[in-house]
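The same chain A turns up in both complexes below, where it pairs with chain B and then with chain C.
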Partner chain A sequence: MGCFTFYIFNRKGRCQYYHEWQRLKPVRQGAGSQEEDFKLMFGLFWSMRALATALDPKNPNKQQMGAPQRIGEGCNFYSFKTSSYKLHFLESPTGLKFVLTTDPSVGSMQEQLQHIYAAMFVELVVKNPLYTPGEAFLFEPFSAALNKYMRTLGLLS
Partner chain B sequence: MQLQDHLPLQLHLHEPGLHSRPVMPARGAGRECAESCMDYLTLELVHHYRDAQQGPSLQAALDAVGERVGRQLAERYARDRPPLTEPLEAMKWLCKEFWGEVFRKPVDNLRTNHRGTFVLRDTQFRWLWRLAQNQMPPQLGLSLPPAVPKTELAADYLVLPCAIVRGALAQLGLDCSVAADAASLPQVDFTVVLAGGGTGGAGAAARGAR
Partner chain C sequence: METINAEIFTLTYGSMVRQLIADYEDVEEVNKQLDKMGFSMGQRLVDEFLAKSKTQRCSDFREAAEKIAKQGFKMFLNCQATVAGWNAEGTECSLILEDNPLTDFVELPEQLQGLKYSNLLCGVIRGALEMVNMDVECTFVRDVLQGDEVYEMRLKLLSSSPESYPFKDDD
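What follows is the complex of A and B.
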């Protein structure tokens, strides 16, 4: 059981926060550089959301593949699981994207991501007078609260 | 906490948060507002005046706003009380009732030298307890920015609380100067120096106001 990495992206695709607990395969072998890694991640969600909406068998609204989607429209993509990790995703109503990669055996983390957004991000980051919305940040109280929360969930030893 | 409606600013709600929405008032009940609104308003006040290209400086503007707000709040919260004549009584009222209404909790410790100087210690000052320095380097790979002392970071955000306290005491008839010390956030010490030395409180040792 373990959590690997955590990202927060803003609406425009800029990575505001990145934390890694365990990353056995270094970034260099994967995406090439940290910047590339962020770009790949963001591109992934963009495409996943577009694909999920296009393949949706239930929603009667016609969504075009290329047009930008409003938040909340179309399908919401929650997570995907591979043989070595599971990736959880939450998009807030304001377009912030929270990404958490964990061990594949972990269940649904939607509520937990919701808690991280409402009780930790809003309280400790947004209400911090020194936070500039949209910019990258690294606040000690937020990192500490995140680690503590991961520990209480049992994902971090 | 009732919002003063004479503060002419636009409120930019970036992240409303999912659990704190303004509550629609029942008819006849006291009007209430989510505490988040107050939090964001005070942040934006400072940012607005700090970034304004013209108009009054941050210190002047927030002093003026705070004094006016402090006077009106003191008038409102002390309305049904007998008059507070002794400076010490006024300070104790300030620490318990006024602080409780404005800053959502009473002051934890009040000390005085009985010569007109009071130190109000709030160990968890709610307006500033989330203040933390952004330690992100401007670009990945550069070194971390130097640590800025907390007093410097908090200086702008303490202008308004000091002015509110000053206005409240002025409304009670006590002219004073207020300074705040935020060296050990989240604890903030407010030092109130009464003009004219102050005369009350003979004989009693400094008490904690809980």
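What follows is the complex of A and C.
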């Protein structure tokens, strides 16, 4: 078992999709509620990006910390690793955010997240007439495809 | 990418417009409905475009307009548009289409001269750009069906907003 959880956020910070394969500590003991958990997660990568941009040594026109940015502006971070898990992050120009947490030994997942975006999210969610853009969704074909893909990657047994 | 027969597409669109005219009986209302339908399509289409073309963020409106004209039209309609007529501030431009697959076999009868037959496209562009936080106004200013040389859509950038933190600090 290499993957733990997966989130999709829209540009307004709403969690549209959440899946957990393995989460030893229930959300109740962590953030408190599912809602809180989503908020914490969103705040985490939001602040990561703001910090990364503020510290950017290469950008000549530095922005003030926390100044509003356009989607994709400033630094984009791809992942971070802790002693117990690794968080992979992909943001589309439409502000969709794909977050995957895995075992820290897993390599870069940028291409894989891009594949989830292009081949699964677009095909099975965006093209599903029941999907309302920006709203939460739960479509069996998408979940099935995601599980299958994780298995192909060897992250799920 | 998956493709379909161009004639089926053209005829389907034609019968849809025909149905709208029958349902609404008012040309202005039909124009409005086409724009609205296009808007919802654009909201979805944009992700397919971005994901499959692996487009990164456009730095400004100019780049976005070029991308739509060169890549977007190519991908979904298999035709190309040219971007022209920029205003000095770079907030307004025209997309010019010489060839428009939606209007093959189409002639506008006398009493429907006010119909913007391809108005759906304006809606699509508006919807797609809305998803990348650009609010635009898009209207047809020239239309071959109304006797012009080319199709011209006027694009006007109203606002381009940054992403803001959606939650208040205390909740």
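To be clear about the criterion, the second predicted complex is superposed on the first by the 156 of 157 C-alpha atoms of A that agree within 3 Å, B and C clash if a C-alpha of one lies under 4 Å from a C-alpha of the other, contacts with A are read in each partner's own complex, and residues count from 1 in each chain.
Throughout what follows, a contact is a pair of C-beta atoms (placed from the backbone, for glycine too) under 8 Å apart; a residue touches a chain by one contact, two chains touch by 3 or more.
Please read all numbers here as calculations on a predicted model, not as lab measurements.
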Following the overlay on chain A, give me a clash-or-fit verdict for chain B and chain C. clash
Taking the superposition on A as described, I'd like to know which of chain B and chain C A:L44 touches: first, second, both or neither. neither
Touched partner set for A:F121, first chain B, second chain C, both or neither: both
Name the contact category of A:Q34: first (chain B only), second (chain C only), both, or neither. first
Output check: A:L156 vs chain B and chain C. Expected answer is one of first, second, both, neither. What do you get? neither
Give one of first, second, both or neither to describe whether A:T94 is in contact with chain B, with chain C, with both, or with none. both
Going by the contact rule set out at the top, does A:A52 touch chain B (first), chain C (second), both, or neither? neither
Just to be sure I read the superposition right, which of the two partners does A:A136 touch: chain B = first, chain C = second, or both, or neither? first
Shared contact residues on chain A, chain B side and chain C side combined as an intersection? 92, 94, 96, 114, 117-118, 121-122, 126-127, 131, 133
Name, in rising order, each residue of chain B that touches chain A in their complex. 14-15, 17-19, 36, 39-40, 43, 46, 128, 130-136, 140, 153, 157
Which residues of chain A touch chain B once you look at their complex with the stated criterion? 34-35, 92, 94, 96, 114, 117-119, 121-124, 126-133, 135-142
Under the definition above, what is the set of chain A residues touching chain C in their complex? 11-14, 39, 42-43, 46, 68-73, 92-96, 114, 117-118, 121-122, 126-127, 131, 133
Enumerate the contact residues on chain C facing chain A in the complex. 40, 43-44, 46-48, 50-52, 54-58, 131-133, 160, 162-167
